[in-house]
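See structure below.
Order of writing sets the chain letters: A, B and C. Residues in each chain are counted from 1.
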Amino acid sequence: MTSQFAVWNLSWVQRRKLTGLLFVLPTVAFVTVFFIVPLLMTVFMSFHDWPLFGERAFTGLANYSELGKDRQYLKSLDFTFRYTLLVTPPIFLLGFILASLVRRNIRFIGIFRTIFFLPVVIGLGVSSLLWVWMLDDRIGVFNKILLDLNLVTKAQLFLGRPNTAMNVIILSVVWKTVGFTMILLLAGLQAIPDELYESAEVDGAGYFRKLFYITLPLMRRFIALALILSVIGSVLSFDQFYIMTRGGPRNSTISIVYWIFNNSFTYFKMGYGSAMSIVLLGILVALTGAQFYVLRERE
Amino acid sequence: MAATLNRDADRAVNQLSQQQIRRLRRRALLALRYVILIIFALLFLFPIAWSFINSIKLPAEALAVPPTYLPQQVSLENYVELTTYGKIGVAQHVYNSALVALITVAGSIVLSTLGGYGFARFDFPGKNFLFIMVLSTLMIPFQSILIPLFVMIVQVDLHNTLFGLALVYITFQLPFGIFLMRNSFLAVPLEIEESALLDGCSSLSLLYRLMLRLVLPGVVTVAIYAFINSWNEFLAALIFMTDQDNFTLPVFLTTIRYGIWGDVDWGALQAGVIVSIIPSLGIFLLLQRYYMDGLMGGAVKN
Amino acid sequence: MSFRKTLFIVLAIVICLGALPAAAQDEPIQMSMWVRSIPFQTQELVDQWNANNDSQIELTVVPSGEFVTKMGAAIAAGEPPDIASIDLIYTPAFAAAGQLVDITDFVRELPYADSLTPAHMELGMYEGRNYAVPTGVDGSFIVYNIDLFEQAGLDPDNPPSTWDGMLEAARAINDLGDDTYGYWFSMNCAGCNAFTFLPFIWASGGDVLSDDYTEATIASDPIVAEALAFYNTIWEEALVPEGASIDNGSNFVSAFGAGNIGMAGTGNFAISGYTNDFPDLNFGVFHIPGKEGGAASFGGGDVIAIPSGTEHVEEAWRFIEWTMSDEAQIEIYAANGQIPVRLELVDNPYFEGDDRQLTAASALAVGHTPYTTVYNDLFNDPNGPWLEMLQIAILDGDIDGAIELGQERFTQIMEG
């Protein structure tokens, strides 16, 4: 029997290695076919003048050197990171508060969890349309309420000024996504054994001591996951700006992916769009690596 | 003797009142918790409730300036309009989306569980590299690999099939799925596994028989995430399907417009929003039972 | 290793599938057709064709905003449809890239070739050859609320025919108070304003592009500044609701439908929307006037073309030719309130006595569309120079600055 299969002749360690590889093999195959191969094609395109349709020509690194001269690209990078910095803390703070509120299995808690999670199941495109509609100065409900309560004297154009536009977009994104962060943090909270809190209480630890010495350290992996997902999602955000402001007012809300989309599908410069994407990928890999480093397991 | 009795009684009374105080405090905290929960719930529900209220207005009233708080006349006209929109109505698109979501959820669970276990419990050459490779799937704007991806899909003749679309969706669920399942497996104490291994379980049957129950909350989270994303994805669904009958719900919803300049038929859109929420709501309610039992905590404690 | 093997097996299967014998010759031809989501009568055309012909067409409605993205991906993968109904402004770009079949010889055979809407025919040409014919025509004009005109003491039978006339009417309607406004524009929607604002310039004899479309004339043509000043007055005097300044097109049609707007630029596609969803709305239609009179219209809509690579050119053309026949144009187009693509068919039993349709249709006779492969970059892009120029001039009131910037950015894009 052992002679039939070479694998049985391997040492236990070697067999563990092979088993591990086999477990991750399907995943690696999917990622290779549907991500790595298209990615390599994107890299290839980035070295070309590649119109969406028509003749293409090899241009070497021209698309990359163009990037430094593209004022909108730099502006979009700046805007995107500013947005990410502004939107991440409220999502986390509120997500953590909600997760703590719904942690225990008290009566009706399922209903509350569901309500907080509901906005997550709406697509970002549709939810952006929903908010445009609610924020409208004529048919929008927010202005109707503000006017009826005499809080304002005339309808507000929330999306009309760069600052308020940013604020209301952040509000809509927090509403839309915080339920998901809540679920992730909840998964982390549930993994912490109650005994730890009980013994800490016996030692007389207060809320904040428990938070900083038990909850947060033990949730580190889940916080890392939520943070990384949230940061990547924010850096790659597109729909909310495309639908809610069209990049306005005065082109002040063009995110980096919006600009890539514009170059690829409005100006038909696929090659240039590809070059921008590759640079963005590099930035995100570095950023994620940095987050891993900061949140790494410490002995 | 009597003195001792007395002291005991005193202590009992003291304990009682302390217990009462503690119970009162706990009650007050619980009430406060509910008040905060209800306030948050109302805030979160408002946009959806408002969308629902408008979906049952008459189409013209849904566009009234200024808006009315409650419908003057309850009407299902917006929903009726939705069923007749386009060639085949909303039902077929809901079915398409459901089918894609089902395949995506199933595939994501299987691959993420296997992969997460592999990354959490085994050492093999190139492990870190492969892990980062999987994660990097998330880090490129989907729009920029769209055309190469479509060329690939056409090459393997999977364009215009819901299955091909689901394969792509599964790939983009993997970074989250792998990460989460790896975390979940890491949280399971090694001893549980080692004892089973010593009993002669193979790796796969160990995973299937023992570990899967312990990481169920993670599996359910992966399922929910996969469902939401495939249910709502728009761009790939549009590009990969060359036949309208195969369009998913989000693609269908974007065609709810009057004209060519982006004018929105708000009433019908609200009806579409409500229709698209209902299945997700059902899935979440169904799965949260498994999710919320605190299975993970229980397993760790035992 | 094992991955390579899997890939090899997959490839082998694909190759085997591809090698299967082609469908037998006498099977009916199957064609695919794409149309963007616009309320033209394409579905009915296809249904009737399928009912009466051996060849069958499968229609797919693609969301307007993503039509070009989808076409680009399809072309890259070698999977374009057999027939495509394309926003006419994209035709020069598609034709220049060699993605459309040359149909010049077919078009020459058409007895009515000269009466097809001129703007669409012009946009369907590239280097003297025909690549597309009109299939859905949509001229811009102005709708006005007859009830508000009457309340404001204006004569609804004599709508304004000059800019001053429009301003006076708008002021009178504004004075009705009660949240009533004289005018509406969607000033954060680039395409909307190419469609409804450019004709103000054309009707006054001006243009933003030279006659041969090779350079921008924003700075050299004084009419451009005057037209911007005209719209600036509308904004400064608050003759439009404040929200018009940020509307991205979501309310381009429905704003007027609410009944508190006196006038608004719009197109033929909106008429059925108003009559269906706003049955109480009493509205009329007039041409977009020049400064001192005259009229112009933006020839919008779709042309129909055969993408390169299809095996069914002859059959696709047979369908296209049929869509332009008397039968289809009158019994399908006109009967459903769509303007026929052949101008001589505007006099048909369905349009008789309907002034709104006749006015809308006659707008197409004066219809014009800029011919440039970079139309999208110049006019349609929400982040492009056209909208930026309008916003700076009209909303900020800096007309000189806007013109200087517009001229510069237009020239940059046109020079590539």
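Here is the rule we go by: a contact is a pair of C-beta atoms (placed from the backbone, for glycine too) under 8 Å apart; a residue touches a chain by one contact, two chains touch by 3 or more.
Model, not experiment: these values are computed from the prediction.
Peer 1: State the pair of chains with the top count of C-beta pairs in contact.
Peer 2: After counting contacts between each pair of chains, the winner is A-B.
Peer 1: Using CA atoms only, can you tell me which chain is the most central one in this structure?
Peer 2: Here the chain at the core of the arrangement is A.
Peer 1: From the C-alpha centre of chain B to that of chain C, how far is it in Å?
Peer 2: It comes to 40 Å between the two C-alpha centres.
Peer 1: Could you grab the centroid distance between chain A and chain B? Build each centroid from C-alpha atoms only and quote it in angstrom.
Peer 2: Between these chains, centre-to-centre, one finds 15 Å.
Peer 1: On a C-alpha centroid basis, what's the spacing between chain A and chain C, in Å?
Peer 2: Here the centre of chain C sits 37 Å away from the centre of chain A.
Peer 1: Would you please write down the residue numbers of chain A that are in contact with two or more other chains?
Peer 2: 28, 33, 129, 133, 138-139, 265, 270
Peer 1: Specify, in ascending order, the residues of chain C that touch 2 or more different other chains.
Peer 2: Residues 69, 72, 76, 189, 248, 250-251, 258 of chain C each touch two or more of the other chains.
Peer 1: Note the residues in chain B that touch 2 or more other chains, in rising order.
Peer 2: Within chain B, residues 63-66, 147, 151, 254, 264, 266 contact more than one other chain.
Peer 1: Which of the residues in chain B come into contact with chain A in the complex?
Peer 2: 30, 33, 36-37, 40-41, 44-45, 47-48, 50-51, 63-67, 69, 110-112, 114-115, 117-119, 121-125, 127, 130, 132-141, 143-145, 147-149, 151-152, 167-168, 170-172, 174, 176, 178-180, 183, 186-187, 203, 217-218, 221, 224-225, 228, 231-234, 250, 253-254, 264, 266, 269, 272-273, 276-277, 280-281, 284-285, 288, 292, 294, 296-297, 300-301
Peer 1: Within the complex, which stretch of chain A touches chain B?
Peer 2: Those residues of chain A that touch chain B are 16-24, 26-28, 30-31, 33-39, 41-42, 45, 98, 101-102, 105-106, 109-127, 129-131, 133-134, 138-141, 143-144, 147, 175, 179-180, 183-184, 187, 190-195, 221-222, 225, 228-229, 232, 236, 238, 257, 260-261, 264-265, 270, 273-274, 276-277, 280-281, 284-285, 288.
Peer 1: State the interface residues of chain C toward chain B in the complex, per the touch definition above.
Peer 2: Going by the criterion above, the answer is residues 10, 14, 17, 32, 36-39, 43, 58-66, 69-70, 72-74, 76-79, 81, 87, 138, 179, 186, 189, 191-192, 195, 248-254, 257-258, 260, 267, 269-270, 273, 277-280, 300.
Peer 1: Spell out the part of chain C that touches chain A in their complex, as residue ranges.
Peer 2: 2-3, 6-7, 68-69, 71-72, 75-76, 93-94, 96-99, 188-189, 241-243, 245-246, 248, 250-251, 255, 258, 376-377, 380-383, 388, 391
Peer 1: Help me check something: in the complex, which residues belonging to chain A touch chain C?
Peer 2: My answer: residues 25, 28-29, 32-33, 51-55, 72, 129, 132-133, 136-139, 154-155, 157, 159-160, 245-251, 254, 262, 265-268, 270.
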